[in-house]
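Two complexes, one shared chain (chain A), two partners (chain B, chain C).
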Partner chain A sequence: MNITFIFFSSSLLFLIGVFASLLFKNISRIIISLQFIFTAAIINFLGFSQILYGTSIWAVTFILIAVITIFLFQYMIIFYLKSNFYQYKTDKLDFSSSLYYFRINDWLGDE
Partner chain B sequence: MGFIKNMAPFINPFGTITILLFAVLVLMFFVNSRKNGLKIFSFIFTILAFIGAFITNIIGFLRNGAFSDNLFTSDLAQIIEISYILIISFIIFIIIFVFNKNSESFIKLNLIFLFSSAALIFFSISRNFIAFFASLVFFLISLFALITLMSETEVFVLRSQGNNRKTSEADYHSRAYMSISKFFLAVLFSVLFIFFGTSLLYGVSDFKNFIQLFEGVSTFKDNLGFVFAIFGIAIYLYFGFFPFHSPYTKITSRISPDASYLIWLYYFLPGVIFVTRLSSIIYTVNSDFKTVLVILMTSIIIISTAGSSLAILKTNNLRKITANLVLLIFTGNILNLLLYIVDYVNEDTYRMLNYSGLSLLIISFLPVSMIFTLVEKSSGFNDIRNLKGIFIKNKAVLAGFVISCISLTGIPAFEGFSHKNHYAGFVWKAFHEGLDNLAPIPGWLIISAAVIYMAFFAACILRILISGLSGKADTNDEKAVFSRPSMVFIYFFMLLIIVLGIAYLLGLFNINIFGLNFSEIKVF
Partner chain C sequence: MMEVKNLMIIQYLQYIILAAVLTFSILSLICIKSSRKFIFLFFFFLFAGFFYFTIGFMELTFLLAVPTMLFAGSFYLFELKKEIFSVKNISEESGEDFSAVSFDYEPEKFSYKKGMLLRYIIPVLFCSGIIFLFAKLNISFIKSFKIADKMTITTISDMAKEVFTNYIILIIIFVILIFMLVIWSVTIINNRRKG
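Here is the complex of A and B:
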């Protein structure tokens, strides 16, 4: 396994994650897509750390802290969604549009 | 005395954070209490904590100077940033108190808010990427908790919806919680871009902190283009500039009005700090990529300015107007960066321009947004054309609205003039003395970006002023009453706008007040 393979595989994961996050309306799918970006970054850190610099404590520490903080953030969003899901009986966990969907009425309208 | 002497070396940025975290620790003992006495105690205690943190921040720097270790660093720039963070936190905390003092969750809000302030200060002084990333995510987590808690505590129903109260409440909550979730997923998306960019930076250069990046960037500049592109996209998405504004405008339109202040005044601060951190690094490599950077950043400024301005000019929704006005003010930060990288301004002036943008936000913008919020709360309408009815009954509110709008336009003798004066100066100089050392095409691109920014900004404020003064008067709106604390708040900021504006103007003519030249102070 060489550095080029690691870089291309992580870039591919990153692109899949980005396009999927922008495409889907379903919240679960968006969160899973964000995991792709997260995994791509972790592959980069571990790959570069092992191949270029030997085992780096700094990279491992960064990954650990990122895993804890990002997962905590995601957990809070999911917990908030689920708690309200039952309270207000929203029929499904879908947004009305994708994450950055552009609508003229949202931009210039009064509502 | 011996104790104080021994403590002196420990007064550094950590001292500021320790005071805030100590306040968090104390409040944890009362977090579930609903007694009014304890709420007032927690309010006073938090105010004292902010004042103590502010004093420690200044005194620590005066006594011990710059501070640096493996994870954190602090110099004059960080001290000013921390001072701004504490002042803004103080103002937001008072807004939270005014709107939530009767809430059962007030002490919880108080505690989480103190924690978020501490996380933001950590972010400001972080040197290592680990500290930088962790403090950013902790800040966003606490912001998320605050906004969800504040939106839970109040059900705000607009009269214009015309539904019965029960249906409206359920509908309001459902829409609010979807918009909150969408906004924070979008924020997480931009944070993951930063994480991915950092991983690439590590692979390309083995840099672990900003100082290494600054010192070694010229060596690795050919490989860092992709990394900076990722960081640039992350910042653009974080700010939510046009056309990626949808999650931001939706959340500010749907959450409770007081929670919107957390987004407008608080959420953007890490973005501003991050751009300022990257500025000196971009400046180092800009000689090779100047034309590309100028074209790219000019496009960003023009697109973002036009997008936000057209929304302000077209919509009548008060929340949308305020949200886009904030985006317009923060677009100024990108313009400042552009002026800095082409050597139109030096680093000190660049930082001062950023600070003057923040001052514009907390001194001139705040009264306008406060009036909008109070009108919305008291009358139940969310339309700029309904303002006239409020103004007929409340002349003081009318005066506050007009003075704040004039200040935002940048007319001399008002606080906002300090923000627009520099831009007008560059444009004036370019038309009369030429473009210094710049090639004609990039030079005129920059000048056109500055002209477009100022022209659109002035047009938007004029639109707000005219629509506010010439709308329809409704007898129901005239009955809307503003509370005494709200009026004191508006009077105070009216006074501040005029006093600071006059002090700045006198400073330009070298007339010093209290021995200080206010046009040279790098704070506003």
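Here is the complex of A and C:
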């Protein structure tokens, strides 16, 4: 098996994910690009453990746990977005006003 | 544990599968219409599953497929509702009837502003810098690896043995469970306050 090809293709997939998550503002595209980053990590982890050492029971167990956990986490993100759905009028979310940019009124209130 | 010694066919399969994974990943990002986007995302997940299958997961791929399918289903439902309600909200606010409007998104209009250019240039520079560093620093290191001549296939019984002997996995599960519980409870509290 060609480890160089696996390494470079997974790193390319990771970079596609990073590029898309930096570029797009649409929330569904950001979630899809997070999937690419996540899949690239699994491919790299599995490829290295299987090709270099031949046995990968620990790696397989760890990956199963990690996959279930991260998908649960992503499911929570979607649940959160879905439950706050009526706040968003279009398909674009403005992160600059809520998540990364804090004003003093957000902490202390308007009065 | 089973061992596979002839790895030539698997190597050629991996070339095809990883190329398909990369192609479908780009296609699912580029597509504007969300139904096509989800079709390509499905193919991306399918070929990623094929890759796990060839690299030694074998029947455990189906275990990985269960959370993936659950997540993809919930994501699709979210996208579907968003398409319908986004049009509905606009029509309620403006008082006009938008029921004839198609649910496909319009592509983002390109304008040559300073902020827009920076928005495109910064990710390109960032990613090209990372891939340059990857290629320059890692290629000689990777070529020095001695690749194993046989591949081992893990079964569920091996995993059960590993869980019962290696307690670090149980500790990791416990820590992860606490972490997820905290995030879940924070989400629920936030929603209840709003309600």
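Some notes on this structure:
Assume the second predicted complex is superposed on the first by the 84 of 111 C-alpha atoms of A that agree within 3 Å, B and C clash if a C-alpha of one lies under 4 Å from a C-alpha of the other, contacts with A are read in each partner's own complex, and residues count from 1 in each chain.
We adopt the following convention: a contact is a pair of C-beta atoms (placed from the backbone, for glycine too) under 8 Å apart; a residue touches a chain by one contact, two chains touch by 3 or more.
Not measured: the values here are computed from a predicted model.
Applying the stated contact rule after C-alpha superposition, one finds that A:F45 touches chain B and leaves chain C untouched. Legend: residue contacts after superposition of the two complexes on their common chain; A:F7 is shown touching both chain B and chain C. By the touch criterion defined above, A:I37 lies against chain B but remains apart from chain C after alignment on the C-alpha atoms of chain A. Shared-chain residue A:Y53: touches chain B and chain C both.
By the touch criterion defined above, A:Y80 lies against chain B and chain C together after alignment on the C-alpha atoms of chain A. Using the contact criterion defined above for the overlaid structures, shared-chain residue A:I65 touches chain B and also reaches chain C. In the superposition on chain A, contact of A:L15 is made with chain C only, not with chain B. Comparing chain B with chain C, the partner in contact with more residues of chain A is C.
Touched by chain B in one complex and by chain C in the other are residues 3, 7, 10, 31, 42, 47, 52-53, 58, 61-62, 65, 69, 72-74, 76, 80-81, 84, 88, 90 of chain A.
Contact residues on chain B toward chain A in their complex (touch as defined above): 129-130, 133-134, 137-138, 140-141, 144-145, 148, 170, 173-174, 177-178, 180-182, 184-186, 188-189, 191-193, 195-196, 198-200, 202-203, 206, 208, 242-247, 249-250, 307, 310-311, 314-317, 320, 383.
Residue ranges on chain C touching chain A, taken from their complex, read 1, 7, 10-11, 14-15, 18-19, 21-22, 25-26, 28-29, 34, 37, 41, 44, 48, 51-52, 55-57, 60, 63-64, 67-68, 70-71, 74-75, 77-79, 81-82, 85-86, 89-90, 93, 105, 119-120, 122-124, 126-127, 130-131, 134-135, 138-139, 142-143, 145-148, 150-152, 154, 158-159, 161-163, 166, 169, 172-173, 176, 180, 183-184, 187, 190-191, 194. Residue ranges of chain A in contact with chain C, taken from their complex: 1-13, 15-16, 18-20, 22-24, 26, 28-29, 31-33, 35-36, 39, 42-43, 46-47, 50-58, 60-65, 67-69, 71-76, 78-86, 88-91.
Across the complex, chain B is touched by residues 3, 7, 10, 14, 17, 21, 27, 30-31, 34, 37-38, 40-42, 44-45, 47-49, 52-53, 58-59, 61-62, 65-66, 69-70, 72-74, 76-77, 80-81, 84, 87-88, 90, 95-97, 99-103, 106-111 of chain A.
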